[in-house]
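Labels A, B, C and D are assigned to the chains in the order they are written; within every chain, residues are numbered from 1.
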Amino acid sequence: MQHHAITLLGTGLIGDFYTMTLHGQRGADRVRVVYSRSEERGAAFSDRWGIPEHTTDMEAAIRHPDTDVVIVALPNHLHEEAVAAVAAAGKAVLCTKPLGRDAGEAKRMLEAVERAGVFAGYLEDLCYTPKTLKALRSVAAGALGDVTWVRSRETHPGPHSAWFWDGRLTGGGAIIDLGCHCIEIIRNFVGKGNRPVEVMCHTDTLVHPIDDEDNAIALIRFDSGAIGQFEVSWTFRGGMDLRDEIAGTHGTIWLNHFLRTGFEMFTAGGSGGYVAEKAEAERGWLFPVGDEVSELGYVDMFTDMFDALDGGRTPRETFYDGYVVNAVMDSAYRSAKSGAWERIDLFEWRGAETPRIASHPETYEGLVVIKRETLPDGREKLILKDPGTGDFVDRVVGA
Amino acid sequence: MQHHAITLLGTGLIGDFYTMTLHGQRGADRVRVVYSRSEERGAAFSDRWGIPEHTTDMEAAIRHPDTDVVIVALPNHLHEEAVAAVAAAGKAVLCTKPLGRDAGEAKRMLEAVERAGVFAGYLEDLCYTPKTLKALRSVAAGALGDVTWVRSRETHPGPHSAWFWDGRLTGGGAIIDLGCHCIEIIRNFVGKGNRPVEVMCHTDTLVHPIDDEDNAIALIRFDSGAIGQFEVSWTFRGGMDLRDEIAGTHGTIWLNHFLRTGFEMFTAGGSGGYVAEKAEAERGWLFPVGDEVSELGYVDMFTDMFDALDGGRTPRETFYDGYVVNAVMDSAYRSAKSGAWERIDLFEWRGAETPRIASHPETYEGLVVIKRETLPDGREKLILKDPGTGDFVDRVVGA
Amino acid sequence: MQHHAITLLGTGLIGDFYTMTLHGQRGADRVRVVYSRSEERGAAFSDRWGIPEHTTDMEAAIRHPDTDVVIVALPNHLHEEAVAAVAAAGKAVLCTKPLGRDAGEAKRMLEAVERAGVFAGYLEDLCYTPKTLKALRSVAAGALGDVTWVRSRETHPGPHSAWFWDGRLTGGGAIIDLGCHCIEIIRNFVGKGNRPVEVMCHTDTLVHPIDDEDNAIALIRFDSGAIGQFEVSWTFRGGMDLRDEIAGTHGTIWLNHFLRTGFEMFTAGGSGGYVAEKAEAERGWLFPVGDEVSELGYVDMFTDMFDALDGGRTPRETFYDGYVVNAVMDSAYRSAKSGAWERIDLFEWRGAETPRIASHPETYEGLVVIKRETLPDGREKLILKDPGTGDFVDRVVGA
Amino acid sequence: MQHHAITLLGTGLIGDFYTMTLHGQRGADRVRVVYSRSEERGAAFSDRWGIPEHTTDMEAAIRHPDTDVVIVALPNHLHEEAVAAVAAAGKAVLCTKPLGRDAGEAKRMLEAVERAGVFAGYLEDLCYTPKTLKALRSVAAGALGDVTWVRSRETHPGPHSAWFWDGRLTGGGAIIDLGCHCIEIIRNFVGKGNRPVEVMCHTDTLVHPIDDEDNAIALIRFDSGAIGQFEVSWTFRGGMDLRDEIAGTHGTIWLNHFLRTGFEMFTAGGSGGYVAEKAEAERGWLFPVGDEVSELGYVDMFTDMFDALDGGRTPRETFYDGYVVNAVMDSAYRSAKSGAWERIDLFEWRGAETPRIASHPETYEGLVVIKRETLPDGREKLILKDPGTGDFVDRVVGA
């Protein structure tokens, strides 16, 4: 294991989460220099996290002689420029989500790092939550059979920083902010080699006086026939609702990452401090999360990134993944306008062809078995279909 | 309160649930005669529930001199004929869900009872669960503000009886079986006077060797801008998943009617009997429901129906509601074929016009307030938008 | 089924719950006359529930010519006198919990009804919740094996009426108010024929400026070796916490009757009305119960009482049960003073002798099997004890 | 931050958990040499975790020239000897729980490290779970007011290794194995300076054919009046039940560490691998934990230990804490025999004197306020006590 010295670009909330993760729990990798557009915020940030240097010169930060990895934690409209500069400097680059404001930007960033031959990781933390990783292992081991449907939901009352609300800087509204997480979570569960084919999306701006969507729902159809469903909102009341539900032919998984995780508190008089990201109240029933940076995936994400870098392998989440996510979001926005399913355009598909979800009907005395049920007395009831007439019958057979 | 003597048509599972409800808990209303196409099933049913008479003559059952109310608990394709016969007999009629196989049938049934002037109730039990009724009271009292989104989900591993699987008899697949519940639940929460305008639906047949859909998801857009979302499946694994989620501008409600209701049991050696409708296992962790006929709404449903009959008022769920539900399902099937939003055609709209969800932006020093947050030190942070430039800024103001 | 006309004694909160239950859901039994010490409260109560008559003359209410059943819903210190009067009048009597202020009172009430030969039921609603009844059926069918431990917990922030706080009128504090429920729930789960042998109890008055306990915990040892544990408090914050946990040699049951029943609501602006008994807040996350009178057992309780009366059988909860509960509470109070286990004195034990919880050790090659575990590779690991040396060893055996 | 090279003594399940933690997530501290009594197990263990050396010579392992910290992960009866050897070698020592088999052993271990002046940490992981640490911060900040009661529960179907079942080697049964966790969790919540005064305990051996207890429940009374309650069992069915409940004068906290943490899975066909420690099933509804070593506290525990070592401060959990826990367990065993409360004997109390839980009754017009309630109409209802007569009255006052 090598120990990495890091250049961090950006001092917003996500920079705090990243540094809290890296500097927490006896980690060997450290932020060595931080860049902020503001001298004041840079100074405060480096004080807060014990970072040796800060600067307002992004190029100097990227080319700092002691660092080998650069983390891009800037607002969306600055990703492309920053990634290009890191690629030019020949350093490893880790970029926060979404990769670009649209698939065009994302594609150029992908090409930049591939051309430069530098290590590149897509910082999609929610695909790395401990629950998600364990659930993915169970799915890979066949616990659910074929995945038929994935619902990924991320909703809260709206972002904390002004720039998030400005679609010119971000590329959109709640979809760009939250949908990018959901789409990549869905891809992990249906299989990354399972091509997203088309998307149907509804958006609306119901509460906030903004031009972009504060609510959206979409369906994504994959090659196998599986359906992904994302629900995002900046108008949800009650905290941050982060849930995934996965259904398969042989099982079901429900994940709750934030509001119901086995920690429940009632307080009549103030919670005595920070409750949770996007919490809405300080008294009454509250639902804190034990260790947010772990539960939200930051710990496992950086472990994968640095282990991949050390081991010369590809990380779980790549710039290509980020590009695919942007492409799905572009199609979702198109669908919201057209009111119809829209194809997902990819300049290149690096996955596989995925066969249709398997369905091998069983027969019984020449009839197709629709369902088997065990009766209370131990006998079995078959529901059968006559393939000739199309008629259905019940048949009870001995134990 | 009058005491009613009832003719019950049909002896399937739903007939059992209805009679269990009526004859349970000291109720004053009783089934007097039951009709079944099968002499054997009619005899067994009347024995099971202490019903004085059974018959295989539907007309005789309907016109039995001692009964004043007829409950139609027959397969879908027999509803229209039965309702017409009851209307002709001049008796009150209560019909199980869905009202018809399509809106055409439902409209004719509606016209039959209105022409005959008989009392008619639509037996949509899931709109009467105790949780739903209490939640609706909270919504009506303003606890959620304007309702923006309702998700209603009903999924299980598939029906118990052969006829349910035959779309020729039922009118469709999982939408006709389960979606009818979800649509009417959604209508109750967004407001029955809030017109359903259009629907976007995806269906697929992923697991069972049948012609109709075993999975479907749909979005319903209402006049107010609210979105209803139904998820139905005959391939869900783990039992019967019956959940509703309601989001509004000021609050959120989550209802779980079946799998997580505060009753959890682990058993290494068989549960010792009936666990729950559509339960999948008899050992391991099981999640029974205390009193199914109460929790699924049957008790409150019949109370409303008979109280309405006694009081000369309209019940909560009418044949017109059943007709609207059929119309929404017809549009959903059309949308699944066209891949686009489809208008919901109603021969007559008996509700109101509903204004768009209210959004009255507040201003602060000439800027539009996007969001207010309280900081840990008690000061308030405003996120503001300049209506001229479209720029967003943060502003922290004193406590 | 007969229809009963009822005399109700008392117009407090419990009278409201009883009448709401009896007059709800098409029930055939009705309150005919209500007695209150206060003319004003009696008038308001009879208006509220549509009761034909009210009176301030208890004897007249009891002897009202049109009623055949009397419900005693008075403060504890008035139970004995009321029950004696009903017994003298020769009518059926249903008495709220606790039966007496102590076992002496309870015994005299038991003797009064037995001497008079009248039907007598103990209105212990929490032994009749739908969850409890279904759980008891599973236990009876063997789903848990032998019950080893039952925890019953009832805690809230304290009673609503002044008289509850006066130990001279009630017989004690939180134990008398809440422990009586827990003890009888425990008895149902370990088996009513399983004699409660001794009790160890700790009480304290931690928050409220009263003389009686506002917190108590007790262990009850039964004949079989099973342990019952009750936890009661008048200082709990967060609403009313009503939970039971049952452990057996082959399974586990967890029941939550109030705070987590599948109904969750967040509201920023007031709940829009009544939330739940003993709720503490009107905004933030709230946890209402769908139908309180059903979920708290009132519906099934009255069904059992009136069905038993009609059928000439004993109800599930009798005055003898009430007497046993009082005897256990008396011993608990003695133990809290002595700091030691105290025997439970019963003038007569009407149950059985219950054998010690079964333990039939299996042997393997002459060694005692302590535990069997299946390893990931399918083989089995045995933990074995040498009965001669007392040594323990692991042994892995083929699949 | 220094990087530590570690000698690990022991290769059982706990050694695996420790090494998985240390070697996981980019940690800077590594196991350098491992000692096992068995050459074979040592070789397998060092292979599994990439440890450079293994040995069967404990003294050589302890005195290895490259290591500065020794972790004792041996069976209980070997702790004292190992700790003495590490102290003699002058290295930092971290010892797993329980510290000793009884308070005598624990005291001698405490004296050994204090005499030698070496850093010593007590590896009580469950006091370091992320939920516990956050809950403790809320309690410290006053969110619950004064803590009145703590329930800590740890139950499962019994240990995996033979030696755990041999009370001669461990010091007891379920109390020694599980109660040590609960006691220290309770101490953290009531305050470590809050002296545990006396204990009342019930034990029984209900299921397993062993001499020691397989079930125990105890109450611990603290100086402040707070009550700690532990429930431990080796006969629980359904997995590992790890819950804490904390009640205070102003709030409540419920923690569920294992069985209900927001991860729910149903599988019809095997879970596809490891589910969780002490899981009982591989199909049906399963409740995995995302990242066990984090959720069970191992990550934060080692961070605290090594940060304390680096920073020259005392860790959160010390050998003195381990000693206090042993002393409480000794008293619990005595109480189980005597059937009475037993004093907790400490050779030295290093905490404070803690005042009785505060109770400052408020008065209203000369009467003592028992409770305030807000009525639906906005007025306030006071329950008042006349200090002279002891009578209680209700009083409704204007809004």
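Keep in mind that, in the parts below, a residue touches a chain if its C-beta (ideal position, glycine included) is under 8 Å from a C-beta of that chain, and two chains touch if they have at least 3 such contacts.
The structure presented is a predicted model; accordingly, all values stated were derived computationally and were not measured.
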Using the stated contact rule, I'd like to know whether B-D or B-C comes out ahead in C-beta pair count. B-C
Could you find the chain whose CA centre sits the greatest distance from that of subunit B? D
Return the distance between the CA-based centres of subunit A and subunit B, expressed in whole Å. 33
Subunit B-subunit C separation of Cα centroids, rounded to whole Å: 35
Centroid from C-alpha atoms only, then distance subunit B to subunit D, rounded to Å. What do you get? 48
Can you list the residues of subunit C that touch 2 or more other chains? 144, 237-238, 250-252, 266-268, 273
Please output the residues of subunit B touching subunit C within their complex, sorted ascending. 1, 3, 24-29, 129-131, 133-135, 137-145, 250-257, 260-273, 288-291, 294-295, 299-300, 302-303, 306-307
Residue numbers of subunit A touching subunit B in their complex, please. 144, 148-149, 151, 155, 157-158, 160-163, 165-166, 168, 200, 202, 204, 206-211, 215, 217, 219, 221, 225, 227, 229, 231, 233, 235-238, 241, 247-252, 273-274, 339-341, 357, 359, 361, 368, 370-371, 373, 376, 381, 383-385, 390-394
As the complex stands, subunit C meets subunit A at residues 237-239, 266-268, 280-281, 283-287
